Each structure stands twice: as C-alpha cells, then as structure tokens.
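Multiple structures follow.
In the two complexes below, chain A is the common chain; its partner is chain B in one and chain C in the other.
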Partner chain A sequence: MSSHCRNSLAAMAALALLAGCDRENSDARGKPFGETIPSTSPDTVFPGGQKQVPLDPRLAAYGRNAFAIAQGQQLFGAMNCVGCHSHGGGGMGPALMDAEWRYGGRIDQIAQSISEGRPNGMPAWRGKLTDQQIWQLAAYVQSLSGQAPKDAVGSRAEELSNTPPQTQTKREPVLPSDSAQQ
Partner chain B sequence: MMRRGLCAGVVSAPCLAGCTGIQTTLGGAGADDTSFIRLFATFLVVCLIMYVLVVGGLAAALANRKVLTVESGAHHESSPWLRSALIGWTVLVAIGLTGLTVASFFVDRSAAARAKHPQFHVKVIANQWWWDVIYMTPDVSQIVHTANELHLPVGVEAEVQLQSNDVIHSFWVPNLAGKQDLIPGRTTDIQLLPTKVGLYRGQCAEFCGIQHANMALVVTVESKVDFLRWLAQQRRPAFAPATPLELAGYRYVTSRECSSCHNIAGTPASGQIGPDLTHLASRRTIAAGTMPMSPGNLYGWVADPQSQKPGNKMPTIGLASNDLHAVVAYLERLK
Partner chain C sequence: MRRILIGLIAAVILIALIAAVLWTRTSGRPTQNASGTAVNPNKAIAASAASPPDDGNWTMPSKDYAATRFSALNQVTPANVVGLKVEFTFSTGTTEGFEAPPLVVNNTMYVVSPWPNNVFALDLTKPGAPPKWVYKPNPAAAAKGVACCGPVNRGASYWNGRLYLNLLDGNTVAVDAETGAEVWRTKLADIQKGETITMAPLVAEGKVLVGDSGGEMGVRGWLAALDAASGKLVWKAYSTGPDKDALIGSAYRAPYAQDQGRDLGVKSWPPEYWKIGGGTVWGWVSYDPSSKTIYYGTSNPGPWNQEQRPGDNKWTAGVFARDINTGQARWFYQSTPHDLYDHDDINEILLVDYPVGNGQRIPALIRPSRNGFFYVQDRRNGRVLSAKPYGYINVYKGVDLKTGRLIPVPGMEPVAGKVSRNICPASPGAKDWNPSAFSPVTGLVYIPHLNLCQDMGVKNANYIAGTPFVGADVKMYAGPGGNRGLFTAWDPVAQRKVFEIKEDLPLWSPALATAGGVVFYGTMDGWFKAIDARNGKLLWQFKTGSGIIGQPISYRGPDGRQYIAVPSGVGGWAGAIVSANLDARDPTGALGFNNAMKDLPKRVSAGGMVYVFALPK
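== the complex of A and B ==
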C-alpha cells in the first residue's frame, strides 16, 4: 500500500470519528399542539399493590437530553423553584439532590409532581407552564441528584453557586421504591 | 486589467446604497457618531495620501531599476537625492502618526467630557433574544418599563446603563454611536446624544445564540414634547378589556401560561421573565424586530412563536382557536 493511500485511509478514518460528535437535536418546539391538555396517565404512586404502568416514551427523550436539562435549569431559576428548594439543597421545600423521593424520582413522576402540585406547599404548574417546559424542569430536577449522564448536564451553573458543578455531582442511589417498577 | 477593476467598482458600487437608512455607521444622527465620522474621514484622507506616496515611490523605483550583477562588485552609491527623500518620508510618517493620535485623543476626550452630564438614565437589559428597556426615575412609581423600543428626545444626553441576564450581548445603534458590550454580572454604559429626529435600528452585535440576528432594537428619536407624551402614555397602566372577547383574552392571559413570564401593569399578570406587555400594541415590532406589529403577525406569533423565531424562549402553547382569538383581541387592546 502506498503511503499516499495509507494517508487517505487514515484521514477517512479520522473523519468517521466525527460522527461521534453528533449530539441530540434541540427540539425547541416540542410536540406542537394540544400538549397542555392534561395527560391521561394517572398518578404513578399507589397505596398498596404494585401496579404496572407502561413507561412514558418521553422518559428516554428527556432524561439524556442536554438541551432539555439546560432549559430546565433556566426555568428552575426563572420560575423561582429556588425560593423553596434552593439550588437542590432544599429549604422550605424538600431537598432535590438527595436519594429521597416522596412521590417518585422518575422524570414522569417528577413532572407529575410539578404539574399537579403536592400537599404542604408545592403549587400546581399545569396551565402555567407547557407540558414541554414541565418535562424539561423535571429532567433538570432529576439531574440534581446525579442521575443524568455527565455529558448531558451543564459544567457550570448559570447563577452564583456554592455547590460543585453538576458534572461532579455524586450519583445518589435510586431506592427500590422509586424504581421503574412503580 | 483596468477594465476588470472598473468592472469590480461598478459591481460593488450598489453595496454603498446599503450605507443609508435606519441602520448605518455613516448616518451621523448622534453627536458621537458625527465626531467619529469626521475622525474616520481624517484617517481615510491621511492614509490615502500615504498609500499613494508609497505606491508612487514603488512605481518610480521599478521604472528606474538598475540591473546589478555580482561580478561587477560595484557598491551601489545612494544619491543625495534619495537620502533627503528618505529623511523627508520618515518625517512625514512621524507627523502623520502624531497628528492622527492627537486627533483621536481629542475626539475621545470630547466624547468623554460630554458623557459626564447625562440628563436622564435608561437601563437596557439584554436577554436571549430581546431588550428590556427601563426608564429610571428617582420616584420608583414613575419608572417606565418597555421592551425592544428605545425612545430618546433629540438633543438630550442620555446615559444608557447596560446589563445582561444570560450571555454577552452588544448594544449597537450605528446611527447614534459605537458598540458597547453587555456583560453578565456587570453594568456597562454608553452615552447617547441624538442630533437628528428619526427612526433608527439597533442590533445586537455580539453573537449570543441561535436568534442573535433577530435581536433588534427600534430607536425612535423625537422632539422633547413627543418624548414626554410617549413617556406619560407608557406610564399608564394597561387598558381594561372592553368587549366580551377581550375579557376572555384578559382572563386567559392573566391566569394561564402568559402570566408566568409576562408582566402587564395593572393586572394580575406579573411575570418578570419575558418582555413587559403593558403597551404591547403601541410598539412597532413583535419579538425584537422579527416582524412588524400587525394583527396578522400577532396571531402568527401567539399561535406558534417557535416557527416565527425558532429557539426563542417563548414556548408554543398550542392555544385552542377560541382562546387564540381572545388573547390576540386583548393584546391588540394594549395600546
């Protein structure tokens, strides 16, 4: 094989590596219409028996999506979640960066908590934010406890922060009661 | 060769037509802009003269060149004429550079001296991708909050305080003055002294994200009387809905998604994230100069902002058609 041929092959192989740089698309528009109609999926936490609920297909789309998590981070500040939950450490509201989830720690469960509200102070955001925004927020909230892949979270916070960047957040264990079985 | 140059000149000449109108650095509608245009012209003339001299000298040297061979070994004797020409040239360069430095220094100082006595303050806060405009007054109840529109009285020095909420932007109204960056966590400022009544276009001049190009600012320079009238009108709270349709729109806007981000003075809508909508319908454009204000464009914008300005922070809500009619009717009322 001539050196010329070898060089071109090497160049082509290097070019093929570029395909690895592909990131997810930033879907600014979401599903266009009718998203604010309350979703039919009921609350996923039930007393007593373990009921099988098919998993929402959006879980995969939002959980690993850098754009969604970043948008959620912006909304977290803009919608004043910080007022009660601080930057994940909690205050008047529960902490969001630990392993404890009262109403489930999957993105759809968090989205449900945001959308419908929870007792003792969590307001319902349905009708105040679009479904897409609620899911983006939920994706960010879930990433606070280190659940999201490190290449999807932001390496620096938008605001002044005394916590290490999210890329260094320890991944909290997912308790059995929060698992996908619910 | 000559013909090709002529051709290029003819082809590029129409580009100069772009240098007139609402967004041009050669507009000279501001005090700073006028003095800088003069400075620019001085630089241009001086540099042009020097350039002609250099090219002329080069041409003369080429025309009178002598072929020296190594064998001849003759040391080239410089003529006394050449020596004095070189000394003259050095002196000319020194004088030219000193002159330009001094001129630039004085223009800069005169602008700075003028900037010491601003007669009113405007705060402009850049966001992705729109401008928040706040007319500061000592009495906070008199503060005027608007967006994407800057009104200035002619002949009055204004200090514009610049801040950014997210990334670095740059405030640039070329007809009035130069650029000034807006940096998150800092306050910068720029002084504007408009000298001509007119309508100008400002543009973000620092790449700030996907909709950087659609981040424009409409600048209206008007007489002091018109300016005060506009300010008084902007100070009023929003008009109350007058028809049943407007009332339905009012109810939607003040209780649903819109009010999470937008403020309308005098109503329960008090979001602080998006542009203030109190006098939305009195503005010239929608979405920071993306499109002119008209009922049709307003419909398009409210129905699906993500197809009008993809990536902007206003989500497509997917309003039902009766809600859309009501919301647009109410927004049209917000003169």
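== the complex of A and C ==
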C-alpha cells in the first residue's frame, strides 16, 4: 500500500467519523419528542422582494440522519406511499426521484405536502402520522433523488423490488435557490 | 421403377385429399342474413338481437350490445384504403390517456375527454366539424390520486336522446344530447375509499349499468343499475360478500361445483377480507336483449399479495350473467380462482351464435381473457366449451373442461421472501382492457394484445382507506420473441390463430373491424394502421401526434361517405410513463409497467386529439 493511499484512507476514515456524528444520532429508545410541521411555502416568488426566512435547522438534522431516513423508508412502505409513488419512479402519484418538485423539494416543503396533502390526489396525513414521522418520511422522500449523503442511506434495497440501492442513486439537481439554502 | 410409380400415386392421392379438405372448408354454402352479410355455417355470427343492422351511427363504445366493434360500412376496402386522408381533427385540451371513442349520432360527434371528463358535441354537417356545445362536469381533482392507471375514461353511451357517462370522481351523469345540459347526476362511488369510475356505461332497457374502479385500492367491487330517466338506483350487485349483497338468489345456477354454495363471497375469504377484496367492474358489459341478460367480468381480488387472502376469493376474476331488470345472478364462472397475478376478468365479452356442427348454433359468448385463454362459453349456463391460449402462458397449464377450473403451474405463486421470475403473462395479462373486434364476414376475432412477462415479489399490504392496497413489487418485460405487443386474428370456431402481427410496443388500443374487409388499430407510438382482415397485410398507416390507446370507430357522414375516427393521446397504465412523466429508472414504477416502457418517453409525447379520416370525394 502506498503512503498516498494510506493518507487518503486516513482522510476517509476521519471524514466518516465526522459524518458519523449526525448520521448515527437516533432517539430509538427515547420518548417521541414533540415535533411540529413548519409553515412553509413551495413558492420561490415573493411580491415586493425575496422573503428571507432562516432555514429550519431540522432540515439538516433529518436530511443526513440515517435513522430518520431508515424510519422514513419503513413508513413509506407501511403507509402505502409505495403503492402510488413506487420506489421513487411514480405511478398513481408523481415520481419522487427526479428533479421536478411541484410543491418544493426541501424537506420542510415535502413534510408540508405529506401533512396537508395536495389538490391533485395527495392525501393529507395530518392526524394519521405524528409530526416526527412526517419529518422522517420527508427525509426519506428527499433522499430518493439522491440528496442525502451516501453514508446515510441504505446500501441495499430493503424490498424485493429489483431497484438499485439508494447509494447508487444519482443526485438530481434542485432549484438554484433551494440548493443555495441547503 | 415400381417404387417411383407407387410414390407418384401416393402423392397424387395426397394432393387430392388436401384439395378436398380445402374445398370443403371454403365452400360451406354462403347464405344471406338480415344485414346482408354472407353467412358461412362454419363461422360464428354476431347474436342478432344484440347486433342490429348498422345504421351508420356509432352510439356506444362497443358498437352494439354484442360488443362486435364491427362497422357494416364497406366503402373503405383493401384496394382503396391507401387513399384515406385526414378530414378534420379535434383537440380535447388534455394530455392524459385518451381511451374514449368518439360517438356519432345523427350527424353529431360526441368526444369525451379523460379527466376532467369534458364532452364536446361536434357538428358534422359543417366544414371542420365545429363544436355545438361543450359540457364541463368538473369532477374532483383529488380523484386523480386514487385512479390506479391514469385518469382515463372509456367512453359515453347514447340512448334515447341522452348521453350517459361516468366521471372519475364517482358520479354518473345524463346529458341532453341536443343541448349539452346535465339532466341528472348520481353519486355512486366514493373517492375517500379509493373508488373511481372509468368504465363506459351500458344503457339498455331503460337502465344505465355502471361499475366501479379501484381494484388496487382495497375497494369492494359492484355493478349498479340506474334508472335512465331519473338516475335513481334500481339495483346494485356486489362482487364480494353475502349472497344477498351479490344478488345471488333462487335463479342462480352455476355451471361448476366450485361456484355453487351459499355465501361463497364470504366463505372464500379470510374473515372480513371480502369487504376490501376488489372484484371491481371497470371493464365491459354486454347485453342479450332476447334473454334480458347482461354479461360482465369482475376484476382482480385485492391485495395483489395472494398470501393475505387464502381461498378462491369469490366473486372476483370471473364472469357474471344477470337479469338486467332485477340484477339477480343467473350464473357465475370464475376464470381465475384465487388470482395470483392481477389477472382481472373485465375484458370484453362478445355475444355470438356459435356453430356446433350439423347446422346447429348455440348462443355463446366468446372472450379473450386476461389470463391468456380464449374462452368459448354457452351463454345460457356458462359452461366452457373451449379455452385455448391465444398468447404465451407459463403460469397455467390449461382449463379443465370437466370442472371448469383453471390449472395453475405449481411453484409459480409469488410468496414472501423470494422473487418469482418469468411470470407469463404479466399482470396486464395476455390482453388488458382494450377490446377486440369481431367480423361476421371473416368470422374472426381481431385481438390487439400484449406479450409481457414479469418478476414479482410480495409483501404484506396494510389497508388504509383511500390508499393503494397492493403488496407487490413488479417488474415487467417483453415475453418470448422480444416484441411487447401482438395483434392476433383468432378463429373462435376452429379455436386457432389465423394470423399474427408482432408489434414492438404493447397494444393498448382496441380494434375496429369493417365490412369492407379492413381492420384498424393503433400503436402506442402513434401509428394508426389498416390491415387486410383476411391475412393481416399492412395496407395503410398514418402517424398521429401522440400514442394511440383509444377506441377507433367508423360511421357514415352526412355526405354518405364512410369515415374512420381514432383518438390519439398516450397514457393509461401502459403509457403512464409518458402522460404522468414517470421516472424510467425505477423498474417498479406504474406497478411495474415502467420497466417495459423505458423507451416510450423518447418515442412519443402526451396529447389529446381525435383524427377523422375518409376517402377523398
């Protein structure tokens, strides 16, 4: 093994350790904590100028957390999301693995869509799922288009689906304003 | 030398024998029937009471109660079809799957769009056929989210001055054909439970027959009869549950033991599962006026995961015969007991007088079923006379004609924890909803269908009202030969294929047969094709703007010419990858159809246009 290779391995290990801090953070044995669905808009035009709202810190917390994403994936199957959206390719409902987001592709916007429903057939899950579950679902949905770090998503498809593992999902571009906010 | 001589004699005798056989086959004395077409005693003919002489109109999607999709107009022939030109086009303004046929009644064409189910009445007496009126029913947009296979509509029916159609959000409406005014609106299905309505109603004896969609949503299937005058419910027959709900009473006589017994719609399910067990009626209804009997098929049971519903799951995936006035069942035949693969039985049912030898004919129904068998059944009692495969099947061995029971190939059933591979036919079957056409001239059934196989894995599905209840991951692909579509001309009497056309894409468009000897169908990349009814030779084709999954028709225009019309607008289950902009990278998208249609978005785009053709004046 060359020293170059050793160095890069060490660097990778350090990175993995750092990334691991967020990645491993889970509350599996704790009480469900009081969570709320943010009031957010899927819009990007605000009359009279850009409305600067600080981004919810939970976006980052959920978006790169392996536990949240895994919980979301489990809910995605159990709540029959998969029946409409398949494993991201869509069907009765729109595809979730592409770059197109009708109502915004940030986790808080996705959480809003899940919680409140959308007028072309997306049911409103408020009251059926806890707000925390909705955040987890939103984190998983966002990861379908490759937005989550590769070490936070499953390295094999959990279902008998012939779908490639999420670690191989290409990261789709998102709107410039949104990606700047990530 | 002697050996050569003997050989020669043998050859001569053989040739003479072949000639004799051919001669007797082709020279069955032709006679004339009421509508003027030649009748060969060896051919099936359309049930006369259900298929009156053609008046040049097209008043219901299936053309007549016998579901022939046969036009007796004969100006367009194999010799001149090459001269067909576009006369006019009409855009619905929609980009969803466009399955509904235009109807033509008394020089007015009625076009029904996919959701939002707008109806346009076009004046055929004026150049360019401008609209006379537009009817906008405004069905709920939320209905689109519970429509399993695109927010499609399979057409309206005209009866006594009114149009009857179903809206995606579960309403049936009657519209004045002259003015476009809504006469009544009756809510039958509940989108909160995942029910929609996509089928074309059949109207007969003053009743509007309507069934629900939602076999993938854990709904309970039914067929309802509404009073055509008032829209009030006359009867409603469920496809699952106790006999009183299924309108199974003293008049019921099932042909086979498996369908005899009390409350089988409850007993053939795990406790309470019949309440969410599917058996929807989203396909076609046929009607025999001489016996006042309707015939229709029921959909797959739910969920797709067979492990959750041990039992025969009655009365799903089978055919009901019912009294049109009371709804009481006369018989039931379950084509696919305990369906494993979403092999619905909602396909069209053609009513014919079927030759059984010695110049005798019996009232029969013939149908290319989704499970891949072409059934010939005595329609008085449901007994199966024949069930031969018209497509590639490897999950069923055949149909036992003694017991009437389908024989599955053991070991092919999808079970949890493994992927079942190479299931043929795939979930949409050897043929899905798009009906075949029957020509009494050739005696052949023209079947546009599929050549798809699939891999399938099952998992537990949770029932949550208004969400999908499927429990399966599916991945479809082309069957043997690599072509995804097939157009088969089938002789229902000889029970064999006469010719077959391989199509690259799945065929999702119905067929149209004409007395001129030309048969029409469309492809999902937009080609509208005319073939010779005798041998399948491609005679003419025209590239429409979108893909064709809609029903072609033929009518006589105000100028006396024969017109051919076809909707173009890709979508539906097979075309959702285009109309709903699905992502081709997920093979399980659109319940697994995505994998078989990856190339479609590169070949065609969505649309909603009616094309009308005629020969030049």
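Observations, loosely collected:
The rule is simple: the second predicted complex is superposed on the first by the 131 of 182 C-alpha atoms of A that agree within 3 Å, B and C clash if a C-alpha of one lies under 4 Å from a C-alpha of the other, contacts with A are read in each partner's own complex, and residues count from 1 in each chain.
In the analysis below, contacts are C-beta pairs under 8 Å (C-beta built on N, C-alpha and C of every residue); 3 or more make two chains touch, one makes a residue touch a chain.
Given the structure is predicted, the values throughout are model-derived calculations rather than measurements.
More residues of chain A are touched by C (comparison of chain B with chain C). When the two structures are aligned on the shared chain, A:94 is found in touch with chain C, with no touch to chain B.
With both structures placed on the common chain, the touch criterion links A:132 to chain B but leaves chain C unconnected.
Judged by the touch definition given at the top, the superposed model places A:154 against neither chain B nor chain C. Once chain A of one complex is fitted onto chain A of the other, the partner contacts of A:163 are limited to chain C, with no touch recorded for chain B. Looking at the shared chain after the overlay, A:120 reaches chain C, while chain B stays out of its contact range. Of the two partner chains placed by the overlay, chain B and chain C both lie in contact with A:78.
Annotation: chain A residues 78-79, 128 touch chain B in one complex and chain C in the other. Here chain A touches chain C in the complex through residues 77-80, 82-84, 86-95, 97-98, 100, 119-123, 128, 159-163, going by the rule given at the top. Residues 141-149, 216, 417-419, 455, 457-459, 461-462, 464, 466-470, 473, 475, 576, 580-591, 594-595 of chain C are the ones that touch chain A when the two sit in their complex. Listing the residues of chain A that touch chain B in their complex gives 26, 28-30, 32-36, 74, 78-79, 127-130, 132-133, 158.
Of all residues in chain B, only 166, 255-257, 259-261, 273, 304, 306-307, 310-313, 315-318 touch chain A in the complex they form.
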